[in-house]
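One structure, as structure tokens, below. Some questions next.
A, B, C, D, E, F, G and H label the chains in the order they appear, each numbered from 1.
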Amino acid sequence: MNKQELTKLLQSVKNGKTNVETALNRLKHLPFEDVVYANIDHHRHLRHGMPEVIYCEGKTIEQIAGIAKRMLAQKSDVLATRASEKAYAAVRKLDRRAVYHKNSRAIVVRHNENKTPTKGVVLVVTAGTSDIPVAEEAAVTAEMLGSAVQTVYDVGVAGIHRVLSKRDVLDAARVIVVVAGMDGALPSVVGGLVDKPIIAVPTSVGYGAGFSGLAPLLTMLNSCAAGVAVMNIDNGFGAGVLAHRINLLGEKP
Amino acid sequence: MNKQELTKLLQSVKNGKTNVETALNRLKHLPFEDVVYANIDHHRHLRHGMPEVIYCEGKTIEQIAGIAKRMLAQKSDVLATRASEKAYAAVRKLDRRAVYHKNSRAIVVRHNENKTPTKGVVLVVTAGTSDIPVAEEAAVTAEMLGSAVQTVYDVGVAGIHRVLSKRDVLDAARVIVVVAGMDGALPSVVGGLVDKPIIAVPTSVGYGAGFSGLAPLLTMLNSCAAGVAVMNIDNGFGAGVLAHRINLLGEKP
Amino acid sequence: MNKQELTKLLQSVKNGKTNVETALNRLKHLPFEDVVYANIDHHRHLRHGMPEVIYCEGKTIEQIAGIAKRMLAQKSDVLATRASEKAYAAVRKLDRRAVYHKNSRAIVVRHNENKTPTKGVVLVVTAGTSDIPVAEEAAVTAEMLGSAVQTVYDVGVAGIHRVLSKRDVLDAARVIVVVAGMDGALPSVVGGLVDKPIIAVPTSVGYGAGFSGLAPLLTMLNSCAAGVAVMNIDNGFGAGVLAHRINLLGEKP
Amino acid sequence: MNKQELTKLLQSVKNGKTNVETALNRLKHLPFEDVVYANIDHHRHLRHGMPEVIYCEGKTIEQIAGIAKRMLAQKSDVLATRASEKAYAAVRKLDRRAVYHKNSRAIVVRHNENKTPTKGVVLVVTAGTSDIPVAEEAAVTAEMLGSAVQTVYDVGVAGIHRVLSKRDVLDAARVIVVVAGMDGALPSVVGGLVDKPIIAVPTSVGYGAGFSGLAPLLTMLNSCAAGVAVMNIDNGFGAGVLAHRINLLGEKP
Amino acid sequence: MNKQELTKLLQSVKNGKTNVETALNRLKHLPFEDVVYANIDHHRHLRHGMPEVIYCEGKTIEQIAGIAKRMLAQKSDVLATRASEKAYAAVRKLDRRAVYHKNSRAIVVRHNENKTPTKGVVLVVTAGTSDIPVAEEAAVTAEMLGSAVQTVYDVGVAGIHRVLSKRDVLDAARVIVVVAGMDGALPSVVGGLVDKPIIAVPTSVGYGAGFSGLAPLLTMLNSCAAGVAVMNIDNGFGAGVLAHRINLLGEKP
Amino acid sequence: MNKQELTKLLQSVKNGKTNVETALNRLKHLPFEDVVYANIDHHRHLRHGMPEVIYCEGKTIEQIAGIAKRMLAQKSDVLATRASEKAYAAVRKLDRRAVYHKNSRAIVVRHNENKTPTKGVVLVVTAGTSDIPVAEEAAVTAEMLGSAVQTVYDVGVAGIHRVLSKRDVLDAARVIVVVAGMDGALPSVVGGLVDKPIIAVPTSVGYGAGFSGLAPLLTMLNSCAAGVAVMNIDNGFGAGVLAHRINLLGEKP
Amino acid sequence: MNKQELTKLLQSVKNGKTNVETALNRLKHLPFEDVVYANIDHHRHLRHGMPEVIYCEGKTIEQIAGIAKRMLAQKSDVLATRASEKAYAAVRKLDRRAVYHKNSRAIVVRHNENKTPTKGVVLVVTAGTSDIPVAEEAAVTAEMLGSAVQTVYDVGVAGIHRVLSKRDVLDAARVIVVVAGMDGALPSVVGGLVDKPIIAVPTSVGYGAGFSGLAPLLTMLNSCAAGVAVMNIDNGFGAGVLAHRINLLGEKP
Amino acid sequence: MNKQELTKLLQSVKNGKTNVETALNRLKHLPFEDVVYANIDHHRHLRHGMPEVIYCEGKTIEQIAGIAKRMLAQKSDVLATRASEKAYAAVRKLDRRAVYHKNSRAIVVRHNENKTPTKGVVLVVTAGTSDIPVAEEAAVTAEMLGSAVQTVYDVGVAGIHRVLSKRDVLDAARVIVVVAGMDGALPSVVGGLVDKPIIAVPTSVGYGAGFSGLAPLLTMLNSCAAGVAVMNIDNGFGAGVLAHRINLLGEKP
């Protein structure tokens, strides 16, 4: 039941065409339709600040292109994560502005590339070079949503001076995403250096007893630095979304 | 080497009492002392906004009281988590203002209880009544750090109307801590209703294949709602710290 | 917003006291309140066939008694699972009809003990004698909800003739709950003997590589008999609820 | 020993041709042969309502075709699950009526496609689009066995209005199969909305700490909604069988 | 239906008192009763060589004493494993011959203590002194069943000469039970020294990454010595039964 | 130091050519050489009854052929497990008598194919058809070592009559290898039917929560039938060796 | 067979009293006795530098005192780990010099307390104060064996300046034992600061997803610093032994 | 800030060109730059004894060649682990001296191949032939770093005489790396034979319940021989680095 229908019903009650009993019965089933309605509204709002996202893993090229097409028709920006080059080719056919981020395997189509990013900076840090693809997914996502993003790569704790030398950059950020595989120790160190929100992302980088990311995941959950929050293994996208949401809080007024 | 010593050294170089070579050697070992120094400074800063925290698990009553005494002497507020009633009795002997939060087993001593809390609200939500102790730990921590805190308990997804009926409260909060044991499904639902930072805390509530909190932990890490970050099992304290840090971002002028 | 309020609003629109615009705005926030309302209705309905349940693990005697008191005041039957003898004593003070099932640690208070049970039978079967407490929880729950319940205990597969000799009883039931610890093999055998719904409940009975019920849980999930559904370890209550719901389907005219 | 042999033996005792001692000895070994006999009877019965099933994983094309051929010769319907297109080609050579369900990789051959389905509806619900293949396996299976089947896809809890808007469909079903990967939270929500038997099927959809379906499996086993039963990861077939068996209970008279 | 009843039925057929049809019907349900009957027979046979066993874990003193009493009345030997001293006191009241094996917590009552043991020897070997209770359970069990048993304790692989110096004893045994916790390496070494059946029993002895016996269990399952079979963690009883069964094969004329 | 050398040394002492001191020193290092010596002797003995075994997994065709060549030169029988067809082709080039067992991927070369097998029978039983390759590895191994082997396939517990109908075969065997994947329940049933040594082999057959054989492994370790021993997942070879060793005990005069 | 016996045998051969054949036979079984002999010799050697160790977990006070008594009689130093105060009282009765290390629960009795320790230093570092007991076990063990030991406690990575400020101490050590629970990140940082052997010891300090030390264990095994070796959870004793052995290498002239 | 800059600053203070305040401010940010500086120094030192290492897993051929080129330009030796033949070809194009170790997949380029290795020997031992690649990685690494390396392969505990016969070699080494898959028992035996530092490396060799190296990892962590340290699964490189570091301690004058 959308707004028009609801208005009609109420007017019909007002006019005496529909009695209270009947209206009551129809309204009893309203909630969920109304929720749909509210949600659509909500979606519209979101579309202004945040594009819909296509998670490509397990979708065919046709499905990806199909969804992208519908979104572009609605003037929505497009973010497609874990996309193959073939998926990119298909999207690019739809819109020449499509950009492919090879490292993170993300496709981005923006209708207005000149939008001013946030003043606050989302900083994305990695422990090693192999963690970069996940980091880039976070960076591309946050950027797409409107955040200013900065990156610092390969500053793992086995060469502790590397992260220490970046203290200025850490201090300047509003929220920090720390991406690490293997021992996953970097978020604990960064979390001890600054007092900002830290989002830790374990990666599947490593071998043997790394158990495809379980080791850094557990490390991060047990971080001795207070206030470190953890994402799923390799979930750069989720980190980007959360970082942007936190970043936005500082932008208000 | 603190500021005074460093100044002295530099003046001694200036006066020619110490030659460049000797100063160079002394400065070579400076960094870490300097880091210590900076850290002390940082600590002093933190002490204004955020008290030190005593994690009581595995500490004796004497140790807890000893640390609390030293903190109180420095006019620092005190937060002691996972504290027994005995620990409380010992702290209360030191300071009559000590308050014991039975549910969360937290001791709090505040020097100025009339400080204005933040405008932004940290909302703490639980799925069940058994999750309340962990939620209270988060609430007490965030409150102690200066945040305005609101709580909504027992709105688990098996009675979905309960959380839906609290949508106004969800909408009014700046950051939301969602605490859940058993199936840990609540953060996914809340994360789908609002677009704010969500901090999910799994609890060890449950039995059998709940594996002491592993089940809700995995649920939350795999949340189908984007941007949900996860804490260690039963880590209400960490959630409180992170929620406060995020909340503060919105307070800045 | 309950039925009365909604009626009042509609009448106010009818009478022209409230204009359509205003009513529209109030109704926009209706859904969740309406869900609450619907849910209360639903609850009332449930209360006829099915009592509310108090899961006592982690609740104080006072809490248990408090909830029971409120339920009894509403003429609701009471089922309290995993209850201690102390909890029983407290409930018995409230109502002399309270019965304590020692094996399953369940408290039951029924307002009308002479209600006719279902024609269809819920059969509860165990592999060993140590599985009986979990089985009894299932039995007490289904019985409380109105099902006729029958039990067959200690017919594990290591003495296969035991379950084979009960084939008549298996054939006579409408739905079968199979409770087993250790190797958890019984549901596969029972599932191969009959073509009815089988609900398998693993128990924490066993030691070593039984890993507190993990072994029978995995066995049951991998049952080579088609159509066996599995509950959480030691979850007799859940099995009782599901068995009753399935059983009811066969009762309908 | 089949019925004829047994009759002969008894007549031979009656006629005095076989003495009691000898008959006793022969009967001592009867049971298991008799079980075979009973079982064959049972099989015959099953064949009327329910086709045999070929689980293709790990079988060669020749083996699959061989079994299908034997079944078709016996006028049995054929259901082959997890079948490749090659397997389909081979079965289609045997019988032109063979249908291949691409999504669920199921082959179906029905001798009488016009059989009236049950009045009661098996509803199959998924949280995401990637869960559809498993859902289709459940749907195809239940349908093949004679159930009327309805499906609702992509109504995961992160957009809670989606499942809420389907409440009518949920209310109209007799038994509901809920298929979900990632956080596996949907069965808890559905289980809280209706009071019917819920069969939850975790899928291997997800990544990282989803551990190939372990996460949703644990979520479902720990569901805070009472009476949710769980199948093995990706086991749509088993869910279809159980749902049909439950559905049939409501069909009687 | 026991032997007497069956005889009676057959004679009744012979005498013409019961017709073939009626007898057929009664026999149709015989199998399982007959299995019971055969089983009782089997039990009687077993009782000569092998006593029934009471697994005391989770049984009350009353239950243990009750079962023992019934067994003693039938002149059956009694073996009660994992029994407390209190259980022993209760059994001893029933029969003065009851012996309590403190290490293995086993109670034994034998009616004829002078029975000649087997010629073949069951050798029970442990890696450490803490593994002795489990080893003694195996030894007491095999001995009770009639096997000659020999033990060699504390010959773990970290002092490899210890087990090497026992080579004569290893060579003289017919079957060897090897009990080890911690690294569980002993069965691999023993399995390489002799070509007899080796039964490996992991124990929960150890700490940390021993995970209550998981480490030695995995070690033994992966033994590089061919032909080592493994029991559940701490399952001395099972090892004793299997060792005795294997040992008996060599006794046969 | 072999026998000849040792004799020479002793004679040299006897003759006074070597003094006691010198001999003592040489003998001090004897043990391990002597162990080698003893072991060689042992190997020679084994070679009569039992061929060396080539585990092909991870070996190149050249390595496999190389080892086989050396063995054949020594008139040793050859058993190569987990061998590819290519490996077979290479071995067949060396010896025309080479036989390839496709199911179990085993290559066998026997110098005397007419050797009388044991009187006692090793029975190999499987729950399903997919378990056959592992079963065949056990069968081929035991046969190669000299045992008479019999097989019974596809008698899993979901159709319990199948295994019950084979009771005669079970009763006639001396030792039984039970191979099962999925729920791994068959060994418990077989172990309850007979009182012989049972060797249970879990297979990686299954999916989802079967976790590549972990489920049946745990089932078997927790078997409620006493005296069931367990091998590593898919370890048919080990089961064949152990079964043969146990079988041999009954052959002895 | 010890040296004396061996000499006697050889002289007997020399004198012609024993012929070569007989000697050969006796020597054939020598190896293992000789291994024992060699081992005893080895033990004697060890006893000079390294005391035997009594692991008290699971031993009775009597057993502990009994072993200690025998050792003291042989003038051996005594180290008893994981000892209770009661065990200490019992040992102290035997020898007044017994010292009890409360933190590490270790008992030490040294015959000569004035022995000069090594020049090289074993440094034991902890991340937190709760890790100290495990660290002390390592320290007491290494010290007892003769190493100079230094300790640095509570320098976890969440306050990175703490460990950085100890760089001089790290540089001065010959081998470093790093003890950490929770995230177990400290060894990676220390391993990146120095190029000496690092022995990492995970502790069971932590909660929730720390899984009793599994988290820091995995962190350490996956350390991004090359050359970090790991001990079992809480195994301070093993770390002490290894550290001492490595330390000794640098002492050699 | 490097040495030159620091000297310049100090001289500027000395000359009065920079006042104390200004210098103080600049020095406040010095630490981390200074750490960098120290680290560079450290790197330079390392480069003499130890080449940088390229971990090739997950790097492109271009990246590997690029890093190698930069290193060769700096006259640094090159070690590239887990390298493909293609990577070798690329490196070989850069420098003809490049050597490819096929077994361990390591590329080595040494500028001076005639450097004298250490006097002390790093001994690398394997249990089986399949463990050799990991062992070779350790050997190549230690050798590259300057250690004399010796290897003993295929001496697993199932043929215990094999390792016993190598006792002289074990005794002659300064530090021993023991590499084993499957049951991982060898380090315990070797650790009991010698009193030197033992580095245990589990390999992923095995199947089924070996869980890709988890089984030998746990075995080694629980070794009953004191002082065995453990590396990550298949981490030959780490073992080589640690062994070399320990070995060097014995080289010092």
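By our rule, contacts are C-beta pairs under 8 Å (C-beta built on N, C-alpha and C of every residue); 3 or more make two chains touch, one makes a residue touch a chain.
In this text the structure is predicted, and so the values were computed from the model without any measurement.
Residue-number overlap of contact pairs with A-D passes half for only one option from D-F, D-E or A-G: D-F.
Between C-D and A-C, more C-beta contact pairs join the chains of C-D.
Work out the mean CA point of subunit B and of subunit C, and you get 39 Å between them. The distance from the centre of subunit A to the centre of subunit F, each centre being the mean of the chain's C-alpha atoms, comes to 56 Å.
Taken residue by residue, subunit B touches two or more other chains at 31-32, 35, 38, 159-160, 164, 208-210, 214, 217, 221-222, 226, 232-233, whereas all remaining positions touch fewer. Residues of subunit B that touch subunit D in their complex: 127-128, 156-160, 164, 182-185, 188-189, 191-193, 206, 208-211, 214-216, 218-226.
Within the complex, the subunit F residues that touch subunit H are 29, 31-33, 35-36, 38-39, 57-59, 202, 204, 212-214, 217, 232-235. Subunit D meets subunit C in the complex at residues 35, 46, 50, 53, 120, 164, 174-175, 195-199, 217, 221-222, 226-233, 237-238, 241-242, 245-247, 249-250, 252-253.
Contact residues on subunit E toward subunit D in their complex (touch as defined above): 3, 6-7, 10-11, 13-14, 16, 20, 23-24, 27-28, 30-32, 34-35, 38.
Chain contact summary for the complex, subunit G toward subunit B: residues 129-130, 159-162, 164-168, 205, 207-210.
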